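First chain A sits with chain B, and in the next complex the same chain sits with chain C.
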Partner chain A sequence: MAEDVNTSLLGLLPEIILLCTAAVVLLMGLARRDVLRRLTQWTAVIGVIVAFVAAYSNDVQSHTTALGTFLTLLTCGIGLLLLFSAWEMPFAMDPAHTDRHYRGEFFAMLLCSLAGVSMMAKVNNLIWLFLALELVSIPTYIVVATGRGQSEAQEAGIKYFFLGALSAAIYLFGFSYLYGFSGSTQFSAITAVFQSDISRHQLPWMAILGLLLVLLGISYKIAAVPLHFYAADVYQGAATPVTAFLSFAPKAAGFVAIILLLGLTGWHFSSGPDVTIPALLTVMAVLTMTIGNVLALLQRNIKRMFAYSSIAHSGYILAALVAGPALVAGGGWAHDGVAAALFYLAAYSLMTVGAFAALIYMQGKADGAEDIDDIAGISSEHPMTAACMAICLLSLIGMPGTIGFLGKLFIVQADLSTGHWILAVFVVVNAAIAAAYYLRIIAAMYVREPWTPSHVRTTLAPRFAAALCAAMVIGFGLAPSRLLSDIRHAADYMAGSSGTVRLTVFKGRAKITSHFPTGSFGRGRRSSLLTDPLAGYARRSRLAGDQNSCVVKHEFIFARPLKKDTAWSTARLLPPSPVLERNPAVVALRMSARLIVR
Partner chain B sequence: MPVMSQAVLFEYLSLGAVLFVLGLIGFVARRNMILIFLSTEIMFQGVAVNLIAFGRYWMNMDGQSFVIFLLTIAAAEASLALGLVILLFRRRETLNVDVWSEMQG
Partner chain C sequence: MDYALAVATALGALSIYLLLPRGRGSLVKTGALVGVLTLGAAMLYLLRWAGLQEGVSQGAGLNVFFCLFALIAVISATAVICHPRPLYCALYFVLLTLALAGLFILLFAQFMAIVLIIIYAGAILVTYVFVIMLASPGGNVTVADYDRVTTNPLLAVLVSFVLLGTVLQLMFIGKPRAFMAARPAGPVAVGMAMGHKILAGKPALADPKPTSKMGVMELLGVNLYSQYALPLELAGILLTISLVGAVMIARKNEPAAGVLGTGQMPTE
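Then we have the complex of A and B:
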């Protein structure tokens, strides 16, 4: 038993490393000796690199899912770039007294939050999911409020915190209904209940209400409509490195949470009987991208503009999620909305962090340049940084040759191939609208005359981060195969159901047994009886499980003895969930049923 | 122990929903920072009532263990909230949130 715990903890090694580093950095940041305090940045960087290497090792990968490994690597990679962007935060908090007020503990908060994001895809329980989401959010409330001395930061902090607590309460209320509907907080057990219930025409109100509240609450984390309005104030008020952090950490965590939760329901899109959730996601996606882009057009403040553009990009990712996961694990890109969403998430993180890093460098220590006029003509003074920013902005527009183009291409492909052509049209039209305000920044940098001639020189770290981001934006845009195969692998985890399904037909009875080997169902069994006089059968469903597996049995008792064609119709009685649809066993079963009929 | 009936379960669920909605109304209607925060706490308690009632209904421990973690996080948020409120109070000498609306647009 002890060994079992040890091996399962091994999958969490990167997060453990990040949290231990956070503790060390927190202590070092409070040290008396100045030398020790100044080592906090390096300690944080080394911790993130060690976590990245640990996530790569086979020992760790064998104890987690492909999605978990992908998210950990993404988090550590982007986290490293964010640390470089935030390199001078400890001085910048109080420019008047750089030495006495040097606050090394700032990085501890970033590391805690990164550990939370990295943990997101490894959770298998609603309680864990809640803890991971809060581990991401709570440190961000602190860095927003204390990131800089101006009163805007505190205004942003209090708005962010109160709305964050409200959103947490909303999605928790949803979690409580999901638990009440399924009787367990384990993901595997919840999936089994959704699958056994899915053949009804309508899900029970409790499940629908739970999912609605969860999506509503998590829309705050990803800055999507209806809880998007805080974004502009918070992005503007927070210090710029913190803003860069906000555009990655809560968003990545929120989207992975949505992917996991929709995975619980079996993604019943297209073939599912209930359209409430897909319809809601479609409306959210359309409103989010349109409102974000239209309001971004009106902004003069660069950080506010990035806030609205961040809202718009959340809309694109939601549009990808509406397409749902691939029909067959290991299939092409065309049908796979989850892979498109994960790719866009990675691409957006790179582009936006690069743009923010360049902005941080241009702003200098005083944290001054906020208005678009402040960076006018900056290309003559800082040609390198301006070029990095321009590359990232062109990628945000979606120019061919950059990673942003591939991201939008995959989303449009996924939407078109699953029949959501309205969403595809909205994505394309919005990309065109967005070009206007991104090009305005590029034009200001290159075409206009300098407004304020002198800019304070700062450390090279943010510039290094910007250059790295720009290089990767181009590099992955031209040669994406490695990234694509990783994401393919991660999304297949969502597409493939590893369970087996068996159908036995005997006289008046047909039994369907599905077996889920992953996760724990908890102890106990549950059974339900559903009678459908029109179809002439009664369905008795039993759920049973132990620590390692979960078995769902449906027994159909027919009024008449089964004939050949009834065997076929029984095969069609299988819960029409895409997760089962994709299972090779079910496909084989349907083929054989069809053969019997012939 | 007798199993909880659905009728009793719905009484508890109604209590949870009422607490949640009261908290929501308080969040929107109040202007005092401490009262706004307490409103979110009331919403959390509504969730806790739900979880415990469901835990009793399904006769497993998931609901109760969820509540223990919920209370821990709520306590962490409470300490953070008080720290923030003190930080803001020192600057403006008032607890009214309406004075904190400089950023617009």
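Then we have the complex of A and C:
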């Protein structure tokens, strides 16, 4: 067990670096000398960069999964952009507030929250998962309440905190049912129990209730429909850099948590007969994107509009998750809902952080502009920033040539290829609705009358972040291959594998040979999550010959990548055949295979 | 669907709805009557269920201590949400905690029971009492409106009892054995098995060996520092963050007071 802790510690190196940086930044913010206090942001930036580099190293990657590595890299990358957006944070937005001391705390909170997001895919235990979700959330409650010295921020903080605590209680309740169902908080044990239940064709009530409550609770983190109503008020009340942070950190953490938890069930629901969870996810996805987009149409306040748009985008990602993971690791994009979801998550983070960074810069120039009229005609004064904003917004619409287009394309593809055409239709229709309100912002910036500039001094950091985001939105939109291969690796970890079992019968002898290529696990090979994934089903079986001399060939598809040594034991999954059951050798073989498995 | 159970749940919902404090014209007596009826019905149901459980229609009874603690827990929980005076609510909460601790001891989870008393009846309750005392300086006479009147009793009762009813239906679904057969794994199942035996009035530990270590602190400590070492560290980080955050929020009011108001203590 101690060995286990040490190996997972090496895999957690980026998170440890982030947390240590948070501690250092916390102290630097309290330094007596002004010089040191000025360096807090730089320290935070350096910490995030070091964590990014650490996540890239082979030593770390070999101790974690490809999904973990991908999420850490994404978190550090987006985190860097968010730090740039929040550069002047605690005081620039509020001229009356001259106390510069607590910006150390502010950046420390951001770093802790990023560490929580980053470790989300590395957890292997329900308790750890809960603590990681809270590590993401608690700092965000604090920065929402303190990021801005106005009563709206405090109102937003209170709302966000109390509803967040409620949602935490709900998913903790759900975790307790999952524990009651499986008798363990360890992911591997829970997976094993789910897989032993696969033959029942229906999940037991405890598992269903647990999953329902967990999905309900986590829908708060991702701002999906049953618990979405806080988003507008909180996004509006919080300081804009904090809002940008809220649109990334809790959302990424929540979606990865959902992917992990659905992974525990082996995703067999996407092909199995129990439709409770996929039906729930479908309804959630449709309601989330439709309500988000329709309400966004009605908003005049830009931050409220982004809040509803963030709800809508959660709906798109949920639509991707309904499609489930790829049946075969290393396959194409067509069937892979998980890869589509991860890609869209990365794309959405880039686009929305870029848009927020541009908005922060404009707000600095226009006395905290909130209403859409405040940024009318801003393009004449700040063509660069307006262009960055426009690019990000076009990508949010899903214009070809941008990363947002690819994201929507993959989601629609995954939904269509798995037969969820209703969801695909909803995604397309909603993308059209969304175009209306995004274009309204672009029109306001470019077409309407020039606005009178004010002379608030702001740093160039948010503008730099916005330009970086816009460049990446276009860059990854045109040349996505590197990002795609990373995400492929990450999603393959959830994907299935295929192979054949051949039963050869000849004159009273029966032999089983199997051929299962092991699933590709991406760069990180060791996985604490995967146990023997016997959750498979026969795709095709062929019988040639008669009772006494024949070859039966079954092609299997498994919900998870197989380990080599488990491949043989899958022989027990051979479906009964009326001809062969009369051959005693076959029966004996089947019995022995079953005995070995049990 | 178990209709007897559904009726009992609906009766419970009705009684809580009637008991919830309204400003005037409250129907406490009717509510209490319905509540007593519900409790009686629930007890009868459990008796029948426990009988079926053991395959004996006659003779098998409920464990007396279970009934006692359960009754105290349900009644005091009702009082916690229905009593018009906040301080009494807090005191009933202590009673509820003690009753729950009793139920945990019946399940041989001594550590859980003790921790429940120390943390809830000890630490959290003191905080509650402080908050209540500080929030209503004028004594019980001037309890604020939002403390006296339930804001949305119908919706609250509806939501909570639909959830409760669903869980109960699932628990008692089909044959009495189905619940146990659903998942015989791990310490939870052992606990559940003991719970069922206790319900049925049997000695819980016929074979004390497999459960002799349950609820013992040593096991908990070893687990915490071996298998759960990382989550434990993470919990420490969380607590640190919360402390820093509390200081941040508390200190923020100082410079902001010039913007928001006159910088004086808020008055009622």
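Just so it is clear, the second predicted complex is superposed on the first by the 468 of 598 C-alpha atoms of A that agree within 3 Å, B and C clash if a C-alpha of one lies under 4 Å from a C-alpha of the other, contacts with A are read in each partner's own complex, and residues count from 1 in each chain.
We adopt the following convention: contacts are C-beta pairs under 8 Å (C-beta built on N, C-alpha and C of every residue); 3 or more make two chains touch, one makes a residue touch a chain.
Note that the structure is predicted; figures quoted are calculated from it, not measured.
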Quick one: classify A:Ser151 as touching chain B (first), chain C (second), both or neither. both
Classify the contacts of A:Gly180 with the two partner chains as first (chain B alone), second (chain C alone), both, or neither. both
Is A:Ala165 touching the first partner chain B, the second partner chain C, both, or neither of them? first
For A:Ile142, select first, second, both or neither according to whether it touches chain B, chain C, the two together, or no partner. both
For A:Glu134, select first, second, both or neither according to whether it touches chain B, chain C, the two together, or no partner. both
Quick one: is A:Trp205 in contact with chain B, with chain C, with both, or with neither? Answer first, second, both or neither. second
Is A:Val193 contacted by the first partner chain B, the second partner chain C, both or neither? second
Just checking: does A:Asp373 make contact with chain B only, chain C only, both, or neither of them? Give me first, second, both or neither. neither
List the residues of chain A that touch chain B in one complex and chain C in the other. 127, 131, 134, 138, 141-142, 145-146, 151, 157, 179-180, 183-184
Given the complex, residues on chain A that touch chain B span 126-127, 130-131, 134, 138, 141-142, 145-146, 151-152, 154-159, 161-162, 165-166, 168-170, 172-173, 175-177, 179-180, 183-186, 232-233, 236-237, 298-299, 301, 304, 522, 524
Could you please specify the touching residues of chain C with respect to chain A in the complex? 166-167, 170, 173, 182-183, 185-189, 192, 226-231, 234-235, 237-238, 241-242, 244-245, 248-249, 251-252, 255-256, 258-260
Give the list of chain B residues in touch with chain A in this complex. 13, 16, 20, 23-24, 27, 33, 36-37, 40, 43-44, 46-47, 50-51, 53-54, 57-58, 60, 62-63, 65-66, 69-70, 73, 76-77, 80-81, 84, 87-88, 91, 97, 100-103, 105
Quick check: in the complex, which residue numbers of chain A touch chain C? 1-2, 5, 8-9, 12, 19, 26, 96-99, 102, 105, 108-109, 112, 125, 127-128, 131-132, 134-135, 138-139, 141-142, 145-146, 149-151, 157, 179-184, 193, 204-206, 209
